[in-house]
Each structure stands twice: as C-alpha cells, then as structure tokens.
C-alpha cells in the first residue's frame, strides 16, 4: 500500500513546491493591489521559453540561469509598469481585464516566436539525474524542490520582516492610502513586489520544466491557475498560507492521478475508473468549496466593508 | 432608452434603429442568394452572430449586473453538447458513438427544441453553481467560475460518461446551419437561409435580453451593479436577482453554444478552453462594457479580423521581390493582442461606451445623461 | 396613547473585541422625529446598520410595530417598511434622477421576470413611472429628472437620496447625517423638508445628525450615546441642559 502511494506523494510534494513558488507571486500582488494577476502564470511560462532560447544560443548554465531569472524579474516589472500602473485609479474590473489582456498577449507572442511547437527544455545537470528513494525512482529535482522552496520562503519572510522595504510592503498591504500619506513610495513597493514574484516564478519554472521537459505557450495557464487556487486556499495575502495551500494541492492532485492504481492495488476497485481525468478538476472543486465555506482561506484576514 | 412616460409608440431614434437592423437583415438575405455560399462573408456572419449572442449574454452579467463571471466556455460547452447529443439522427448514432455501442441517448429532437433544451440545461447548471459562487466578491467569483468551466470540461471528457457524451471523442453528424437551406426534390438549394436563420436566432435572443435590460428587473440589476448596499436598501434581494441574471445569461450562452456546434459541425470538449472565454471577454471590452450594440458590432469585427481581413498577416507576403518582414504564422494574433491592450489601456470606453444604437441617432440637443457620461 | 413603531431592546453589536453598541434600548412612537446623537465613533451608524439589517446584532432584539425583525435581511426590512439614507451618499451612479427613484418601486412589483421582459406588465410599469413623476414634482426635482444623479450638486444628491427612500413607501425613515456637507441655507431648508415629508407621507423619522441647531429644531426626542452606551434621553430642552451630554461633547473634566 505505502509503496504504491509513495511515488505519488513524492511527486506531489515536488509539484507543490513549484506551485508554491508561483503562488507567492499571486498572494503578494493581491495583498498589495487587490489584483488577481492573471498574467503571472504566463510569466512563469515565458521564463521557461527564455531558458530554452538562451541555452540554445550556447551560453553556459552558470550564466543562463541567472540571466533567465534577471530577465523574468524584468518582465514582471515591465508588465506592472505598462499594463497596471496606468490603471491605478480605474475600477478593479478594468485592471483585471488588463491582466487577462497581458496573459493573452504573452501567450500569442510566444506562439508567434515558437511557431506553436513544444520546445524541449534544456537538461540542467545534477538536478535532472535520476535517483531512487524507497519505492520511487525519480529525478533529483523532485527531492530538491521542497528544500529550495522552504529556503526561499524563509529568505522572503526575513526580507519582509526585517528590511525597510519589507516593512513598507507590510504597511501598504495593510492600508494602501494611509501608507501613501505616510510618505511610502507606493510605486516602488509595487515594483519590488512584482520583481520578487516574477523572480520566484522564474525559479519555479526552472524546477517545473526540468521535471516536465517541454514548454509551449499554454504551459503557464494551468500551473498558474492552480497556484492561484493555492493562494486562495491558504488565505490570499498570506505567504505561509500560499505555501501550505500549494503543497496540499500538489499532493492531492498527484494522489488523484494515481488513485485508480492505488485503489486497484488495495483491492477496492476491480477495474480503473478513469479518475485521473479529475486531477485538474479537483483543484477547482476545492476552490469552490473553500470559497463557499471559508472565503478568507485558511489564514486569511476577515475584512468588513464600511457602510 | 427614454425616460419620459410615453403613452404608446416608439421614439424617432427607436424607429431609425429598427430600420437599420431590418435593412441589415434584408442585405444579408439578398447577399446570401447572390454571393457564392463559400464566401468568407458568410463564415464571418455565422460565427459573428454566435459570438454576438454569447458576448451580449456576458455583458448582461459583467456590464449590467456587475458580476464578473468567466464561466462562458463552460456554459457554451454544455449548450453545444446538449444540442449535439439530442439531435444526432438515430441512424447515425452507431457510427458516432462507435466506442460506446451507439450511446444510451436514443432520441433525436427537432433543432429548435434541442436549442432551447441546450439553454435550459446550461441555466440549470448555472443555478447549481450560482448557489455557492454568487456570494463571492468580484475577483473570487471570476476565478471560481473559471474553475467551474475547467471542471465541466474534464467531466464531459470522462470515459465513464462516454455513453452520453462520447468521452473525449468528437460528436458529429448533427444538423448544422446548412440544414436551414431550403432544397428542392433533387436536393439542390433553392433558397439559401444558412446565414439568415442563425442571425435571426441570435437577433431574437438579443432582443429578449434588451427587453429584459429595459424592464424593472433590468433596472434592479443595474442598481446592484452601481451599489449593492443601496440596492439592498431599496428592497432588492441581491441573491435572487444575481441568481436570476446568472441563469438567464447562462441560458443564452447555452443557446450560443448550440449555435457554435452548428457552425463548427463537430463538438469536442477539449476545444472549450479558457482562451475562448477570454476572447469573448475581450470582445465585450472592445465593444464597450455595458453596451449591447457595442458587443454585437465588436463580435462581427473580431470574427471578421481573425477569420478574414487579418489572415494575410499569417502568410508570407511579397511586394515585388521584397518579402515583408515579421509576417508568418501567429503574427495575426500578436497584432490582435496589441490592439486589445491599446483598447484596454487607452480607450477604456471601447467602441460604444455605454451607448446603444438609438443613442447614435439622437440629435445633439442639450447634454443628456448618457452623453454627459460618455 | 400613540403606537410604538420601532423598539430596540438591549442591542449589542460586537466586532471582534470592539463593542460598538453596548446594551442599547430605545423606542420611537408613530409620527415622532427622534434623533440619535453622540460624538464621532459613538456607534450611531452601527445602530442604524443593525436596525436596517446590514449587520446582524450580536444580541438584543429589534421590533417594527411589534414584529421581530432582528437578523432579517436589509431587503426584507425595507419591504416591511423601513427605508434609509446613507452617511456617504449611495446613489445609483449610472442612472438618471428619474431611474434612481423608479428603481425604488421595484419592490412592489407584481410582475415576474418573464412578464416584465415580454412587457405583459405594461400597466404596472406605466403606474410606476407615473408615481415617480408625481413624487419628483412634489419635491421639486422634476426639472432635473433626466440628469445623471451623481452630476447633481451635493445638496440635491442628499435630497434625492431621501426621495428615493420615500419611493419605497416606508413607515419609518432613517436619515444618516442628512445635513452633512450642506451650507446653512440648505440645512434650514432640509429641516423644513423633513417636517414636511413627515406630515405629507405619514412618516416616523429617526435621524442621526451632528448639526445641533437642526437636531434641536426638528426633534421631538433625542437619544445621546457615547462609546456605544446611552448617556441621556429626553426632549431637546432636557438634552441641552444635561451635564453628561455636555461633558461628552466638550471633553468632560473641565466643567
């Protein structure tokens, strides 16, 4: 029994870590701008495409990896600057539509550049190597991901709690207008938030695509949405919440992928039910349930509108 | 819409608008008899009519009720499947449902009955999903409805539902728009109606939506959009009115889905993606959030550009011996995206703002409300 | 003896650790104009919100003509006969003056969505529009009826909000700082207007207001609260001479 479940659990933890790195971007941006950055998943995808093209040009890894991360952060910064900043005073719906427009644009740009073909992701040595853990044979990246995720989250929490810009971020997410009056440079805080979010999505893409090996213009959509669900599940605006939500979703999704086999080996079903179809649907069912039962998520703060 | 208490009859602007719409329909009918039926014009009109209906339904939620729903693809999928499942001729079922012994549904309904059924089933799903989801704030609602569409897409492809949905296989051989053409005994077409009828169906549905918007219920929905708390204080029950708008919008989106099935001649769940919803949202935005006329105009424009006028961007073009740079597969969509971003960022009113067709005929007298706002 | 329209018994409203209204009781008799005053943050609007169903009371009971309305939804309470205005004006911003008032007739419709869409309710719709016209004429807003509501001058917007509330045909009207932002002349007119509508529409009026001249002039009785607790109740004369009230307003110890 355990031997059947273990490989799914392991890849669940790994994917969960990758979702977590994306989810932080969603949760931080929402915390500050109250905006669902629909383009965030596509930034993650673009990071994957950048890695493909930069590696193809023959640049060694120790240059290409930092370069990808820097460019991804820059893209995040530019998106905010071009598509969201001019709409600061506009209704929330307009900004959300702009985000959807950016998502559409990024996907179409990549479609144009790649010709809509699957791009083979370069092999990153060491983390692409195979390893056997207990009953599971997997890539090192699977084991490596959760540790790197926790490390990065720890660093991020230190940044938020102990630096000046971190304090500004906390202030802005608590009360946008008042922080502005207190002389905090809102635009700088927002830019930094986007840069951090995109940077983490870039790291996530290195891990994720090493595991999945190909990138296409739609690769960011599903992980992006799932990471968003993770952020909502954990309570949007809360970084630990997003991380825990992401791990829960990653694990649950992978268990469902293997549920037919697990149930079959446990003798509970006689033939496969095709439940793997629902591994994506499950995430959204979870979202709808959590929103109906506890809209603020696991760690979210309750807010009341003033009448 | 005019606020004065009119006894009976229509205003001058309304009469002019009616004439424009009628003239358009007559032009379509005439064109259909003259122009070869393979012309791109008809592709655009058929798909444009379908998208117009779905876009107006979405506008009813986003523009008039203030509910930011992104579940359109899901409701279209439901409509398309219900229509297809209930209209495939019984004789053809064995070949369509070849992996499921001809399927378990063994009825073939008339086209219009099946279309209404498509709308009703979509509305029923909207009712179920609306119960938990409509309580949410704008952006959570957007993601929850988006998620719902994804769930629907997965469920319809599930192998265990194959006897009904044909699993992940295609549904085909159901009646399409071409079945509206009138043929003589030899099977030759005598009167072409394959474009006019879908346009009439869409026009009829949109007319109903316009009547709804201008009724006391439409005012209540607009009140909710403007200020939920004030609307509630005016005795408007938020939950039931939102639920009503959601179900009605989904009903017409379901009919739009049935029309899409007829247009495409085949149906497969995997094609009803989030990108489809985004396209419709962008049509609504370009037309003007809160304008039915805008949604209609922008649907035809959008389809015409993507299927016809901007197709050349996807192919290599030579001017003499000079090859125009950048033009190759996918460039059309890049141009499209840029246009959309420009509209979203710099022309937030879209083509029409919140104006409607009759407003265009209104003489510039004093500044009335709508103009003051535009 | 006059009939009691509204009775609040031991109302407490608690948000997390904050007690906004603390064991507050009051009553309003038919035809009265009763004011609720107190320093900023005393819990006045919170009490209004509890009465109109925006908030569900933590404990206590609210009765409208003997019927318990505690915990009912705002739209249900409006249908039972309580209408209100808001401290920060909440007009329907995309609608004209006429449509704003017309929307308030929606709650008395007998049509359903089908009959309304297919215009089978033409007579009712016609009646709603005629009633709206009549009401606008009565309060001198008819000339502005096709203007977008939020484009009106501030004082007119406040007035329109009251008119819109009247269109729901309430028995009890709650006004939340109706004179806020008005100049002295507008405030005087408002006072006369409030008395006039009380008489013409057979209303009972419950008002929150900071404008003391207005409160003293129009109120039959006044309740004073501070930190969510009642500190005084009485006629304008009694309140003006009440030491607790003076202390609350001037900061206490110095007196």
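Letters are used for the chains, namely A, B and C, taken in the order the chains are written, and counting of residues starts over at 1 for each.
In this section, a contact is a pair of C-beta atoms (placed from the backbone, for glycine too) under 8 Å apart; a residue touches a chain by one contact, two chains touch by 3 or more.
Please read all numbers here as calculations on a predicted model, not as lab measurements.
Taking the mean of each chain's C-alpha atoms as its centre, the chain lying closest to the overall protein C-alpha centroid is B.
Comparing the centres of all chains, each the average of its CA atoms, the largest separation from chain A belongs to C.
Chain C has its Cα centroid 43 Å from the Cα centroid of chain B. Centroid to centroid, with C-alpha atoms defining each point, chain A and chain B lie 32 Å apart.
If each chain is reduced to the centroid of its CA atoms, chain A and chain C end up 48 Å from each other.
Among all residues of chain B, those that touch two or more other chains are 229. In chain A, the residues touching two or more other chains are 307. Residue positions of chain C touching 2 or more other chains, listed in rising order: 54, 86. Of all the residues in chain B, the ones that touch chain C in their complex are 3, 5, 208, 211-212, 215-217, 219-220, 222-223, 225-227, 229-238, 244, 248, 290, 354, 368-369, 372-373. Within the complex, the chain B residues that touch chain A are 62, 68, 129, 132-133, 135-140, 142-144, 146-148, 150-151, 154-155, 157-160, 229, 274-275, 278, 281-282, 285, 289, 328-331, 333-334, 336-338, 340-341, 344-345, 348. For chain A in complex with chain B, the residues that touch the partner chain are 34-36, 82-83, 86-87, 90, 92-94, 96-98, 100-105, 107-109, 111-113, 115-116, 218, 221, 225, 228-229, 232, 273-274, 277-278, 280-281, 283-285, 287-289, 291-292, 295, 305, 307. Residues of chain C that touch chain B in their complex: 52, 54, 73-76, 78-79, 83-84, 86, 90-96, 98-99, 102-107, 109, 111, 113, 116-119, 121, 125-126, 128-130, 133, 145-148, 151, 164-165, 168.
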